[in-house]
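In what comes next, chain A is part of two complexes: it sits with chain B in the first one and with chain C in the second one.
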Partner chain A sequence: MKKLFSKSFWIRNETLVAIVIIAFIIIASISDPRFLSMPTLTDLLRGGIVLGIFAVGVMVVLISGGIDVSFTAVAVFAMYTTTLFLVTFVPELSWYWAFGISMLIGAALGAINGIFIAWFGLPTLIVTLGTLSIYRGFLLTFVGSKLISNLPPDMRDFSRLMMFRNTNADGSFYSLPWAFAALVIVVIITWFILYRTTLGRSIFAIGGSIESARRIGINVRATQFFVYVYVGTLAGLAGIIYASMSRVANPFDLVGLELSVIAAVVLGGARLIGGYGTLTGTLLGVALIVIVRNSLIVIGIPSTWQSVAIGVLILVGTGLPAWQAKRAAARAS
Partner chain B sequence: MKSSIKILASILAASTALSIALPATSQEVSIATVVKISGIQWFNRMEEGVKQFAEDTGINAFQVGPAQADPQQQVALIEDMIAQGVSAIAVVPMSPEALEPVLKRARDAGIVVVSHEAASLQNVSYDIEAFQNEDFGANLMKNLAACLGGEGEYAVFVGSLTSQTHNQWVDGAIAYQEANFPDMVLVGDRNETFDDQQQAYEKAQEVLRAYPNIKGFQGSASTDVAGIGLAIEERGLEDSTCVAGTSLPSIAGQYLETGAVDMISFWDPSLAGYAMNKVAVMVMNGEEVTDGMDLGITGYNSVRLVDKVIFGQAFVEVTKENMADYPF
Partner chain C sequence: MDFVPENALVIMEGVTKNYDGVVALDNVDFTVSPGEAVCLVGENGSGKSTLIKILAGVEQATSGRITIGGKVYDTLSPRLSAAAGVMVIFQDFSLFPNLSVAENIAFSTQLGKNRRLFNKKHVYEIARKTLDRVGVDIDLGTIVETLPVAHKQLVAICRALASNARLIIMDEPTTALTEREVSILLDIIRRLKKDGVAVIFVSHKLAEVLEVSEKVVILRNGKKVAQGPASTFDAASLTRNMTGRDVAEASPRPIDPSAPVLLHVKDLHKEGAFENINFDLHEGEVLGVSGLLGSGRTPLAKALFGLVVPEKGMIKLGDKSIVLGDPLTAAAAGIGYVPEDRLTEGLFLTQSIVRNVSIGRLDNHQNAGLLNMKSLFRESGDWLKRLKVKTPDIGSPVTSLSGGNQQRVVLSRWLSRAPKVLILNGPSVGVDVGSKSEIHDIIHELALSGIGIIVISDDLPELLATCQRILVMKSGVITDEVSGKNITEDELARRMAS
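Let's turn to the complex of A and B:
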């Protein structure tokens, strides 16, 4: 109880984001009482799957002191190549093979980032900005630029696998797909790596200070390499889930989403300078972005104003904690 | 050594001059249809129309297109056609402005130029549009209203709030609804989907939550109805809602099958290809297209002429029953 009312609790990003979320829900429910319902909840959970998996990967990179903007290109590359391969050669293959292939492609592309960053020591933003356009350009030029709307049947069936399904009063359905379990599993595995393994401690350490980490004997190269392979793998997974849930593989999709994802992670309190970030905060950040993106019609904000509203929210959400931190620093000195 | 190069060069020059001169002097009529890009299903379908025209008339009509959607490659192709000395060029421009100079050169060389989907183009005899945008939107609304029984709430989707064609379709649809179906109610703003199926899906989910009584959806971008259809299917509302919009069977087919989408509309590129070639021949023969004229092609039976733009009513309505006839 004491912890709850301590000052540090109230200025944490997680708390602020949670307050904004609650405020948003209250406003939405006042303007439309039907907002508080199971269909809203399942729609929002569904909308958070892909964004959530991306965000967890990005958070790990931010903790390690780097930044990755290429993950959307990795995801779309892995997703589209896998789908094209399956449709052309083995359409009857099970969905878990599709997932495996996509994650493998994602890991390979992540490894390319990792080699440039860990072995050549290039700045992470530059490397991933470069690979972002290389991966996407390569995909569109050499793999294909046509929309695939006939997914392999098993991928389509995967998107129809529901954890539960219920009927509303008016006879319509609401349901939560098993794809949501993928996000839960990703969160659990990432939690385990970060907090229960030496590797996880190394990631935090190199994010805090690469030089100190090296001096206490941490293998910086191997750790960095792992981080980029890991985020690549997660991107491959998110990509293939995205394709099966939207039942179309569109090579022009996903790229452009990276700023929303990074915004969600930063909203959740991860620091761009590295060394700090929490899963709770990241998931809250994702929740906020998803709620805002999916609730502006309910609140009655006109179409043209919706992107302005999102921008304002990001500015306030990330600006307020930064301003508070600055004030705290000024008071301390 | 030097002189042998000279001789070689002059032979080459002579032979190229000859090859240009030969078809130009021959009396055979040939019409080149130059499309935005070759190999995609839309223009493969157009080529069927061009081939049909060649078969029906015995004229050497053929279709070419660049391998990539690039205005410069299209310019180069038209230059090739001028060099080959074709009698007429039917063009579907990638970027109308970029083609003006080369089309002027073509017309200066005595070649008849007809275009499609380029009402703003200056250096043409005629431009052919499949329909007036407002009519097309009104026809979508007619189908939507028929499906809804003329009553209920509906929402409209556009690919982009700045897209002129999409907004004209929606303007036409809303005007038609207000004039003919007073019991139908438009709810919400124009929903913008950025020509992205996922955005259309999320917007549809949201519209369904915000307006639980909603019964109808009209889409504009080809991916709109697919996104809406997915949201409808997930809620099991296939039978109690109606969805109509611009799309193609290759994009919306799986939702037409389940009934999540009820009707899609588009224009058949093969008919547009046929019409362009036919008009080109008419111009060559010195005939004029007049308002209300019958071109003898389905959808172009009573064309409207505004300046030099020819408007047909060539929209195709596709439902579950006839989607197999349009494999593109």
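Let's turn to the complex of A and C:
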């Protein structure tokens, strides 16, 4: 008991975010008793799939001491190009082909980021800001800018594959698509890489001190390159899931979502200076952002206040632990 | 090339290193044999760390030839060098602040074994064993960022010991350690030698140098100026070879009994750190505070500057009471504190040297909200000159300085603020012997201008050279007060330990 509720437990971002989520749920279910129900839960889980996959990728980048803002452009590029290719040439291909192609395109675009960052040593924000706009511009100019609404049938069917579907006592229908499993798999693989491989520990190490990492012989270039390829691959996956779930491939979608995703990750305790970040925190951060987006209206706050609410959460959620840590550090003798 | 022993482990021949324009190493020959401890001494910026970085594969030599274990290397990389059995304790520790003690210790070993999977149990085992070997007890799961400096340094030492190295290089491994830990380290070095491990040891504490090493190599301005068996050198001849001159220590000015009290500390108490602290500091006085690790000297120093919050007591500067536990008001009232941990904290490494000094003086060079950069930089430049920071250009980044010169930059920053009371925690950590006495001269000058100075140190010669009065602390209480004039080093050491 004592250990569970130690001082450091209380000042962790995870704890704070979890408390806010619980508080939100309590308030919401008081103002609307129907809030606490399976349909709400499955809505949240469904809403968290794409955001969650993005967030896991961004978290890995933040841990390595970098930042990536191009992942939404990577996602939309991969998703749209894949869909266009499929509908034009091989519409009867299975959904896993679509996934594979999209992830490959994502990996390739991530590799371009990785080359600039790991080999030319350019600042990560600058590189990814640049490629964000290049990837998007390239997509709209050379690939296409028209909405594709006749998705390949197997891609459309994928989003209809349900893990379960059911009807509530009050007649409301709920279900959870298999796409959710993709998030779960991504989380498990990422956990394994980060905590069970030397590569993962190297990602933490270069985020802690890139110079120290070089000095003890960590292959900093390869590690950074991997990180950007990985986040690109996840972006490709998130993109194709997004298209399949929304049943259209819209080249104007997704871009603009970067900041919400980074916000979710930072809320979960990852530090922009690198070296810190946990999967639990990131997923909680995503949950909070999704809840705020989907259900602010339930507790009577107009949806126009959404971004204000998210901003306040970021300030409090990241500011409080930082402030407490600073005080603790100053007082330690 | 001078005589090379047949069994030499490392042979460096004619090694030169240029950093655009600066010749850090100039045609240096250097050898180490198995089981031999070689001590590398020289002033700040003489090229010691550069030589080490080249051996470690962190920097590439501009020219020269390196042979390790009979194999000639055209270029070394950290991996190659580690594979050849070279392990380094870097001057700035080069740890990962965000990782646990255990991982920091075991990381190089894991890389060396080319392990792809990370096994926490295994890592903890390696770390546990190494810590036991060094005889210190640090919690393995603690994040390194939160450790005190001495422990960080111990972790850095353990990391080098964790794998079976053939050569261990220690770049000033004792700067943050107290006597007990230093003697443990010296013991470890002796044991390593017995096992046939070679050791290269860099230190400005000349007594340590002579105690453990067989051979001494002296660098000056990147050139090797002397080498020979340790037994043929003593502290004075080492200093002469390093600096090219004899260094005389001035002794502190006699205390002026009529000087008014500047800082008045009454009944200061913090549970578990110090208790019942009472003393006065006069204008122009240099007061020493000494004691072993855990004696409470550092918490007391921090409490005076508000970094540690005492439960009771009073601090008065002049006739004004200072709010306890608030560094901002302490600084505003005119108290300055130079921390012990200067190399890993307190520097903006990628910023220019002059900016790092002037950062504390922005207020004083403002005119109608605009900064007068010229006068700001001129003043900072003056301080850098006074402390003899060795650099061709004060506009270059701090990272281009040698370790000792980085220390001086932090010192310049605090000195330029001209506080009323200046607390110096380890004023000359990592500074070479020649410049040490220059820093002591500056302390004397500042005191002469009326500043009250508190010197916290366990460097006894330093205390005796600077302080008129020395307070000795033991387990949190002041046990003794001695006048610096009529006490010998041995007597002071005895009183600290007893």
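Here is the rule we go by: the second predicted complex is superposed on the first by the 327 of 333 C-alpha atoms of A that agree within 3 Å, B and C clash if a C-alpha of one lies under 4 Å from a C-alpha of the other, contacts with A are read in each partner's own complex, and residues count from 1 in each chain.
We adopt the following convention: a contact is a pair of C-beta atoms (placed from the backbone, for glycine too) under 8 Å apart; a residue touches a chain by one contact, two chains touch by 3 or more.
Being a predicted model, the structure only gives us computed values, none of them experimental.
Participant: Following superposition onto chain A, is the placement of chain B relative to chain C best described as a clash or a fit?
Facilitator: The answer is fit.
Participant: Please work out whether A:Gly208 is in contact with chain B alone, chain C alone, both, or neither, and reply first, second, both or neither.
Facilitator: second
Participant: Contacts for A:Thr198 in the overlay, against chain B (first) and chain C (second): which applies, first, second, both or neither?
Facilitator: second
Participant: Identify the partner contact of A:Gly121: answer first if only chain B is touched, second if only chain C is, both if each is, neither if none is.
Facilitator: neither
Participant: Please work out whether A:Asp43 is in contact with chain B alone, chain C alone, both, or neither, and reply first, second, both or neither.
Facilitator: The answer is first: A:Asp43 touches chain B but not chain C.
Participant: After lining up the shared chain so the two structures overlap, which partner does A:Arg34 touch, if you call chain B first and chain C second: first, second, both or neither?
Facilitator: first
Participant: Scan A:Ser295 for contacts with chain B and chain C and give back first, second, both or neither.
Facilitator: In the superposition, A:Ser295 contacts chain B only.
Participant: Taking the superposition on A as described, I'd like to know which of chain B and chain C A:Ile216 touches: first, second, both or neither.
Facilitator: The answer is second: A:Ile216 touches chain C but not chain B.
Participant: Taking the superposed arrangement, what is the smallest distance in Å from a C-alpha atom of chain B to one of chain C?
Facilitator: 39
Participant: Considering the complex alone, what residue numbers of chain A touch chain C?
Facilitator: Listed in rising order, the residues of chain A that touch chain C are 195-201, 204-205, 207-209, 211-219, 274-276, 329-333.
Participant: Across the complex, what residues on chain C touch chain A?
Facilitator: Residue positions touching the partner: 56-58, 77-79, 81-82, 88, 90, 94-99, 103, 107-108, 110-111, 115-118, 146, 148, 159, 270, 273, 298-299, 302, 307-309, 327.
Participant: Residue numbers of chain B touching chain A in their complex, please.
Facilitator: It comes out as residues 40, 161, 188-192, 196-198, 201-203, 205-210, 212, 226-227, 230, 234-237, 240, 250-251, 253-254.
Participant: Residue numbers of chain A touching chain B in their complex, please.
Facilitator: Residues 32, 34-35, 37, 39-40, 43, 47, 146-147, 149-150, 167, 170-175, 242, 246-248, 250, 253, 293-298, 302-304.
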